[in-house]
Amino acid sequence: MAMFSVEDLSVHYGYVTALKNVSLTAERGQIVSIIGSNGAGKTSLLRTISGLVKPVHGRITFMDKALPHQAHKIVGLGIVHVPEGRGTFSGLTIQDNLLVGGYRFRGGQLHQDLVEQYELFPLLKHRKTQFAGTLSGGEQQMLAISRGLMSKPKILLLDEPSLGLAPLVVNQVYDVIRRIRDSDITIILVEQNARKALSICDKAYVLENGEIRATGTGGELLSSDLVKKAYLGQ
Amino acid sequence: MALLISILTSTLITLIAVIGIYILTGMTGLFSLGQASFMAIGAYTSGLLVVKWGLPFPLACLIAIFLAVLVGWIVGLPTVRLRRDYISLVTLGFGEAITAILNRATPLTGGAAGFVGIPPYTSFTLVLVSAVIIIAAVAMFKVSKFGRQCSALRGDELAARAVGINVPWIKMTAFLFSVAVTAYSGCLYAFYTTYVDPSIFGWRKSADWVIMVFFGGSGSLTGAVLATFILSGLPEILRFLADYRSIFYAALVLLIINFKPSGLLGSWELTPKNLRKLARDISLFMKKGGKNA
Amino acid sequence: AGSKEAAASEIVIGSVQDITGPTSSLGKMVDSGARLAIDEVNAKGGVNGKTIRIITYDTKGDVNEAINAFTRAVTTDKVSALIGPPVANIALALAPISERYSVPFLNLAIDPKVQIKADGTPYKNMFGMQPSADQQGSIMAQYAIEKRGFGKFGIIYNESNAYAVSLLAPFVDTVKANGKTVAVTTSYTANDKDFKTLLNNILQAGVDAIYSPGYTQELILITQQARAMGFKGALIYGLDAGPPFNNLLGESADNIYFINNIDTTEPHLEAITKSVKATQNIDVTNKFFLGYDIGNILVQALGAVGSDSVAIRDYVENLKGYQGLTGVITMDAKTHFPLGLEMVMHTYEGTTPVVLERYSASY
Amino acid sequence: MSLQILINGLALGSVYALIATGFSLVFNVLKFSNFAYGAMMTCGAFFGYFLSAANGWGLVPTLLVAMVSGAVLGLLGQVIAFQRILNNNSSPIYFFVSSITLGTLLEGFVTLKVGANFYNYPRFFESSTFKIGSVIISKSDAMMFVLSAIALLLLAYVIKYTRIGRALRSVSFNRDNASLMGINVTMIIRLTFMVSGALAGLSGVFLGINYTLYPTLGSLVVKGFIASVIGGLGSLSGAVIGAVLLGMMETFLIHLIGSGYAPVVTFLIMLVFLLVRPRGIAGSNVQEKA
Amino acid sequence: MLEITRIHKNFGGIVAVQDFSLTASQGEIHGIIGPNGAGKTTIFNVISGIYAADQGTVILDGHDITRLEQHKIARKGIARTFQNIRLFKGLSVLHNVMCAFDSQTRYSILGAFIPTRLRREEEKHGHDVCMACLARVGMEKYADEMPENLPYGHQRRLEIARALACHPSILLLDEPAAGLNPTEVSELSDLIVSLAESKDFAVLLIEHRLELVMSISQLIHVQNFGKTIATGTPEEVKANPAVIEAYLGKEE
């Protein structure tokens, strides 16, 4: 059985159906990409996995155990979600944002982690007392990723991490993602930037109108007609 | 019959005040906990003008409303540019101040003993006609550009400014409109009870009105009307509960807010279009039900 | 849910009182007193073979509610007579409305404005059943000046309380008429609970006595704070310093003088107090006895003239020499206040009430 | 003599400060004015009276009982009136309405139990005042001053520097994202209500000692609201500074012009204050960024 | 015609914008690019009056608008979209757009209460104009939907429609392509080009999606640490080593 699997998941918002019988799996140290157009349900999928949205039916398992229902317990298992639109705590300083990210840990360990993050994103260190709400869009994105890493994830759910980032930084972020993967962390990556996402991943799913339309390795999908036409703008 | 008329009259006066709150809270998303003080200004001013200076009732009402709007403007001035929480707390302080003045200015207001001898000019017909006209005016306002702008700034003030909405001005307009309506309800009130005293106009009264707006559905004028009838009729119906009356009332409101957060009607309005839709839905439902049976 | 069919064998009277809200302790007391009177009569077979039913209408201390309650009582429930509240605001609001009907309204408001119109004639249905504020205020001043020899007074009163306000002018007028002085007059409002600064202003003036008409709770705070600030002089209070004030104060109530409708030390009143405590677990106050007297006056009226409300009104207007627990009641048709009803000045020794003087209230 | 007035003002200010602290705590986290706070104080005071003081227990047990029952009540209130609104992610407006209603409900229960009667705490001290020079200071005022200072400093420290405090602040900005950090948001919010309830109990007892016990004791909370406007909405230390200022201002006004027009002047000062310094004394001015 | 001369903006110690100047006229598309935190959004915030400039002037059609209140600036013809979408919740899609048109509607407060003829005509006119704005971004069939239920891409389009209803002479677009997939980006670039072709207004465009900004801008301003490090056509900029180092990075 896969380390992480989603089976037959459906989600509704009132009358709107966001997800219909979605299934996917991920293994340790894999990058799994999910691509799809706007409103396909990518964010909803991640929000369901992390416990923010309750599914109508379906099963999510991690290491052969069903996930608990509350978001904070799911984080406790090491499934960490970096939300779309950054979601930094606007009135907290950068440092406090990071420390909240490491909420599960305390003491010296926490400060060690903080130092690590500052090494990864030096910009954050220079600005550590600035309120997150006044950061530029891209700076907030870095903070959000960094804050997610403070939770020491086993599975990292990234929702459009390259959103609003300068090209140079996008490359940096993807480097970071690779590095994270290399440290045996599983990454579920939701991206609009299909080319980038597909070129980095081990496995990818195409989501359309809440349903899985196609699946395969990154390379397979990059060359599929469906993906080319709809997501690569070719 | 006399009882019914008496209850209906006082309910309709409350209704007018609640509509004042609806403009402010339901449409613009602002709170005033001193709204009852504007009712007091309306009541005392019109009463004084008629009793002490012998002005005709309609003129007295007009002057009273004008005065209330003027005072409202001063109260609103520092708050319309601030975060919306401020207006609720500033008006709260204003309420305390008005009560103090009414208690103190004994030669004019009669102080705590109240102001007696107001002639009973408020008839049921007058109140009914006023309520209908005011509801119509507010309904018109809601679908005008001003009403739209009120809703817009409730959604996002910064974006509202960025599309050219003069946010402080719209806030002030909504506030003063609601003040005028509330002050008028005060005039009606004074000439209905023929007696007013300062303790009538505390912040709890304003809070009660806010609750009524929410009970009915914060976005719905129809809801506000419905809720006023239910909630101000309720205590009269619940008389047999005696001491448990206020507990029952509070529990009911809590239930609605918790389990139907959008209130009774949400933002549904009684318009010909919606009514036709409702009728269609009902007939469809009946047909289906018929088939199943 | 009244059974109107049974009306033939039943007479209905109403009691419009603050049963909930800030003044409910007063309203409930009057209501229980009246109920005791009615229950006693019903237990003996009622009047002329009919039982009396008393309906209580809660005003919640709200004028609007009171108007609805009043209207309900006189139009829907068709009561023969009404017992009114001891709270001036409610009675003031109901006075002009009572004029539209012909149901007598026996209340306990002491403010003359409740019973008497601006033109000096009484409202036809309103009757005050205890001495007016004018009478009570001047009695307290007379006592303080004549029996205690005080010459310099400080006053602290609740300006948002109609009852307290009505007791202010008569006291001051009497003091001035006797050539004495009121050195400082200060006021507070319902929300004020900290009187130290106000009292400070009074104490600075070095007064013989502080006069404070107000509700029990305020009197307790004023006593505690004045004593804590080292004031050793006399405190002169109104009706609401009567028991259970002494038990609630939590310290010695020495050197406090107050006016009361009754002599609390009279044996048969004490007996009633005990029995009510035993049967209903109520600590009665003077309002209870006032309510009891009104109840009995109505019973007597019903017995004499039947259940017609106009006849009852006339009967009450001409009431003479009724021997009640609060004294001998003779209605003055000109003022609709009782003539010559006695008031009793009290003080406390420690926490025990002591009777000082009886005054016959002349208007 | 003006020293005496200053002391009286400080005493009144510390009553207001204690009220304002518990009230702004909830405001900080959930961004709404908890209008049930007044009723919570009343309940706390009555619990302290009936469960402890009436049994002849001393001040400290009474305070503890009131605080514990205040905390329990805070928790209950959260479950009854706010939990569902939280779950639905409704706007703060709903909390506001719910809190007013909860207040009415609690007050209703108190009235049911005690009627409009009032009670008096027994004397906890041999003498209720002490003197420094010519200045008379009431013991309960002094205790209140000290306790509210301690409560405030403790809270400020916890909120600013501890893990729980950071969690609390993050919850105040975005509940969903806070839960993504592994924070048990419901627990944090309940904790907030419990602490605020405990403070309500504490203030309740002191209000009771100073002003006797009665069902609408909590209406003094209005002063807490006004204080927090003067201090800057949402700022805890601002609320306290505002409260002390308000207490002193009122006392001076009462001394100078009497109690009658004091609220009017207070209100005018508040208006002018808002015009001149809209963010209050300690409110920070974070510019909104688009 | 928009003339921005030497604007500065500091936040405490941070210099967000330094010495920024730009001139744009109807029909032009200007791109503004630069690393994160370079001060691009701040430039928009200064132009639209959310922040007051520390120095410098913004002149629109000969009028100095630097220190006007926000809503007045908007009424003078500066319309914008936001980096983080800001729509009016609780108003339908059409009403979102109409709000932006309302300040141009002529009926007075009297018309708020009485359905005067002027009001009816103006409302009708506004309705038509706003439907046309929606149609220009291809959103007319969603007119009665609630914006919060729309997918992201549609919300972006709605923001543009709302800005169009302000009858702008300058349109400020802050990262309009963020969150769109490549297909949608190419639709968006067609849309922006077609808007610019109408010659009604100039477009200033902040964007990190190079496929969009490089293909449609006539002139590109590159910002770094608040300063303009390069200005030129897309080709010039792409070849500029300073820009490559600070922003573009080497192509992989």
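Observations on the structure shown:
As written, the chains take the letters A, B, C, D and E, and residue 1 is the first residue of each chain.
Simple rule for what comes next: contacts are C-beta pairs under 8 Å (C-beta built on N, C-alpha and C of every residue); 3 or more make two chains touch, one makes a residue touch a chain.
All values reported here derive from a predicted model rather than from experimental measurement.
Identification of common neighbours of chain C and chain D yields B.
Common neighbours of chain A and chain B under the contact rule above are D, E. Set against the C-alpha centre of chain E, every other chain centre is closer than that of C. For chain B, the chain with the farthest CA centroid is A.
Chain B and chain E have CA centres that are 40 Å apart.
Centres computed as Cα averages put chain A at a distance of 30 Å from chain E. The mean-CA centres of chain C and chain E are about 73 angstrom from one another, to the nearest whole unit. Rounded to a whole number, the gap between the C-alpha centres of chain D and chain E is 46 angstrom.
Shown for chain B are the residues in touch with two or more other chains, namely 96, 99-100, 103-104, 158, 162, 243, 246. Shared interface positions of chain A, defined as residues touching 2 or more other chains, are 134. Shared interface positions of chain C, i.e. residues touching 2 or more other chains, are given as 20, 159, 189, 191. Chain B meets chain D in the complex at residues 25, 29, 31, 74-75, 77-79, 81-83, 85-86, 88-90, 92-94, 96-97, 99-101, 103-104, 158, 162, 203, 207, 210-211, 214, 218, 243-244, 246-247, 249-251, 253-254, 257-259, 261. Contact residues on chain B toward chain E in their complex (touch as defined above): 137, 140-141, 144-149, 151-152, 154-156, 158-167, 173, 219, 267. Residue ranges on chain D touching chain B, taken from their complex, read 31, 33, 35, 80-81, 84-85, 88, 90, 93-94, 96-98, 100-102, 104-105, 107-109, 111-112, 222, 225-226, 228-229, 233, 260-264, 266-268, 270-271, 274-275, 278, 288, 290. Residues of chain E that touch chain B in their complex: 48-50, 69-71, 74-75, 79-80, 82, 86-91, 95-96, 98-100, 102-105, 107, 109, 111-115, 119, 123, 126, 162-163, 165-166. Residues of chain C that touch chain D in their complex: 20-25, 28, 159, 186-189, 191-194, 196-198, 200-201, 204, 216-217, 220-221, 224, 228-230, 248-251.
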